[in-house]
Amino acid sequence: MFCLTVRDHIMIAHSFRGEVFGPAQRLHGATFVVDLELQRPDLDENGIVADIGLVSELLKAVLAPLNYRNLDELPEFAGRNTTTEVLAREIADRARVQILHGALGDEAKGALQGIKVTLRESHLAWASYETRLQAG
Amino acid sequence: MFCLTVRDHIMIAHSFRGEVFGPAQRLHGATFVVDLELQRPDLDENGIVADIGLVSELLKAVLAPLNYRNLDELPEFAGRNTTTEVLAREIADRARVQILHGALGDEAKGALQGIKVTLRESHLAWASYETRLQAG
Amino acid sequence: MFCLTVRDHIMIAHSFRGEVFGPAQRLHGATFVVDLELQRPDLDENGIVADIGLVSELLKAVLAPLNYRNLDELPEFAGRNTTTEVLAREIADRARVQILHGALGDEAKGALQGIKVTLRESHLAWASYETRLQAG
Amino acid sequence: MFCLTVRDHIMIAHSFRGEVFGPAQRLHGATFVVDLELQRPDLDENGIVADIGLVSELLKAVLAPLNYRNLDELPEFAGRNTTTEVLAREIADRARVQILHGALGDEAKGALQGIKVTLRESHLAWASYETRLQAG
Amino acid sequence: MFCLTVRDHIMIAHSFRGEVFGPAQRLHGATFVVDLELQRPDLDENGIVADIGLVSELLKAVLAPLNYRNLDELPEFAGRNTTTEVLAREIADRARVQILHGALGDEAKGALQGIKVTLRESHLAWASYETRLQAG
Amino acid sequence: MFCLTVRDHIMIAHSFRGEVFGPAQRLHGATFVVDLELQRPDLDENGIVADIGLVSELLKAVLAPLNYRNLDELPEFAGRNTTTEVLAREIADRARVQILHGALGDEAKGALQGIKVTLRESHLAWASYETRLQAG
């Protein structure tokens, strides 16, 4: 299996609901360093998993609506905690949809099998979500 | 699959038995930067893999009996080399027992599926041990 | 010259005033990985710049009132942008005051000459502030 | 499962064929930080995945013919793009052959199950190739 | 003193002349992770060393003519070894000229005192060049 | 001013005397990642601070007598705490002596002005010692 990973980041504000979060129930924020990993069993005719330029643009496009935002104000997260884990899944899901809409080209759309998104919230903690690219 | 990882470290002395270890047969030491990763297929109602505060405390508690110690003097390692690999398994096993005793709460105890511990002994070498959380 | 550095971090929300900040004028947030460096020309009788345990506690104590906060709501920053640079100076100043009040002991208070605080806001950008410990 | 990883690096020149590569079609170069990971389900009698000294030597030996080279001039890559992905597989395959020829000893040869090679081309992008050690 | 640093990178081919360079006399390449640090004694009215967006653009603009190039073919380096040290100075000098031409605005142009450029060629080696921004 | 830095590491055991050290009074150990920085105002005719191959060998040679050792047993440290700070100075002093004996060649011996050694004991703490290369 081959993997290709690119890194970008977002800087957001948010707060959590639930006693388990302690002081993180207050409005605070985070820099999330975001790694997007794509997996496929074979390389394309150019010898790549996907066009790294397109993958970087895809990640940037997926992160743009979240960057420099207070996530508490975004309707898509209403009633949900935007934990590192939830954001990892959300970013993976959004990237997955873009790939299935052809953002990385038709060849990659058919050949990519898995996607993994890791969010590093500090030098001491990070979370990831991994799923198959294709449904079913 | 979701993963949550937290980082801590220990500073220990030890020596190895076996010609394969060369100069490491002498009493020496290491800083092990320890990453504890927990895996589960779905998030809890708060949107997390586990309470990150509890996970950090769990890791610290598991590492405490090893930290600032000469591992050659600890009875539990008598007759065994405390290699990076052996320590990764030992720390994972101890964390696993604590989780099964409820250290992260009942919900996490039932939902967590896997555990992985990585020990970085330098900027050039590291080892990990990964296992399922539940027996059988 | 000797330097000793310890690392900690804070997770905060804030916004900036001024067109220069572009989208960072919106409420957003950051994880700041904070390095506190202390400088002195000679070591104490124990062979250290300062008690690393006390230095770590000092840094944690200085960061505590900022951690998990919306800095826009803290009175001490009213009318000021809490940029990475401003926070580096603020943290250095607060640590400096604590040291001059004896937080690291009398010997260190007299012997330490300089202090430097670096805040890393992402893997791509950081800022620092360095000053002498003693006035005049 | 246990994993042991060692790190080394190479500094190479190369160019790519294909419009997808944009400016990377020109002769340029890269530092590849190379991580070689070995996987096995149980440890040997010394408590290790493999002799870390031998693994480091193996990696260095595998990288030597590539290091400080213009990969465009190496016959084994004629007609192929030496992308990060292709090099990850090439290095993994060469290491695999050496292991199967006994470079890490007979015990490791029989016990090792998987191999993964990761090449970091910058702080923002990396690729890996993972395969089983034994054929069939 | 305040410092602000931003990071970018280039991927280049080159070769060195001189027996001291051993195998690096052959055409090879490098990824240089480039840190541009700017120094000034006081902050501007916004509380910053300089507009971090402009600084990032400045660094990217300075690196662009070098990126994805064989430095042996660039006329400005004819007869010179493009060592890590030489490139650090070259990049610092080019950034300095742009700043003195107003790339970061007039206020920053007058207030900035020093500039430092660090190039990391691997996880094991790096070089830097530091100079005053103003002549005389 | 130009700086060139190379990185290596040692793995040692030791203990400290003095209540300030708390649990570190027990025999324990550390991996010290060691950075050796050399400073000079101008480059040599090859465009370098010093032959990076020789600098790496110098650092390795200086570290060899300490590596895989219990520092409590080394006569040169009798009666002294081998703190991170003390070791940084010791390594810098030993490297300085070697340079003054010509380990990096006569040209470098005359031109190098400063030396700085940084020891990272974990991802959370490090210490350094910086001095002029020439006496007086």
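We just call them A, B, C, D, E and F in the order they show up, numbering each chain from 1.
FYI, contacts are C-beta pairs under 8 Å (C-beta built on N, C-alpha and C of every residue); 3 or more make two chains touch, one makes a residue touch a chain.
Everything quoted here is computed from the prediction, not taken from an experiment.
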Each chain counted as touching chain B and chain E at once: D, F
Shortest contact path, chain A to chain D, counted in steps: 1
Maximum centroid distance from chain C, chain identifier (CA atoms): D
Which listed pair, B-F, D-E or A-B, duplicates the contacts of A-D in over half of its pairs: A-B
Same or different contact residues where chain B meets its copy chain A, judged by the half mark: different
Maximum centroid distance from chain A, chain identifier (CA atoms): F
Rounded Å distance between chain A and chain C, as computed from the means of their C-alpha atoms: 31
Chain centre separation in whole Å, for chain F relative to chain C (CA means): 27
Junction residues of chain C - those touching two or more other chains: 7, 123-124
Chain A-touching residues of chain D, taken from the complex the two chains share: 16, 18, 20-22, 80-86, 88-89, 123-131
Complex interface listing, chain F residues touching chain B: 7, 9, 11-14, 23-24, 26-33, 67-70, 121-124
Residues on chain C engaged by chain F in the complex (per definition of touch): 1-8, 43, 46-49, 51-53, 56
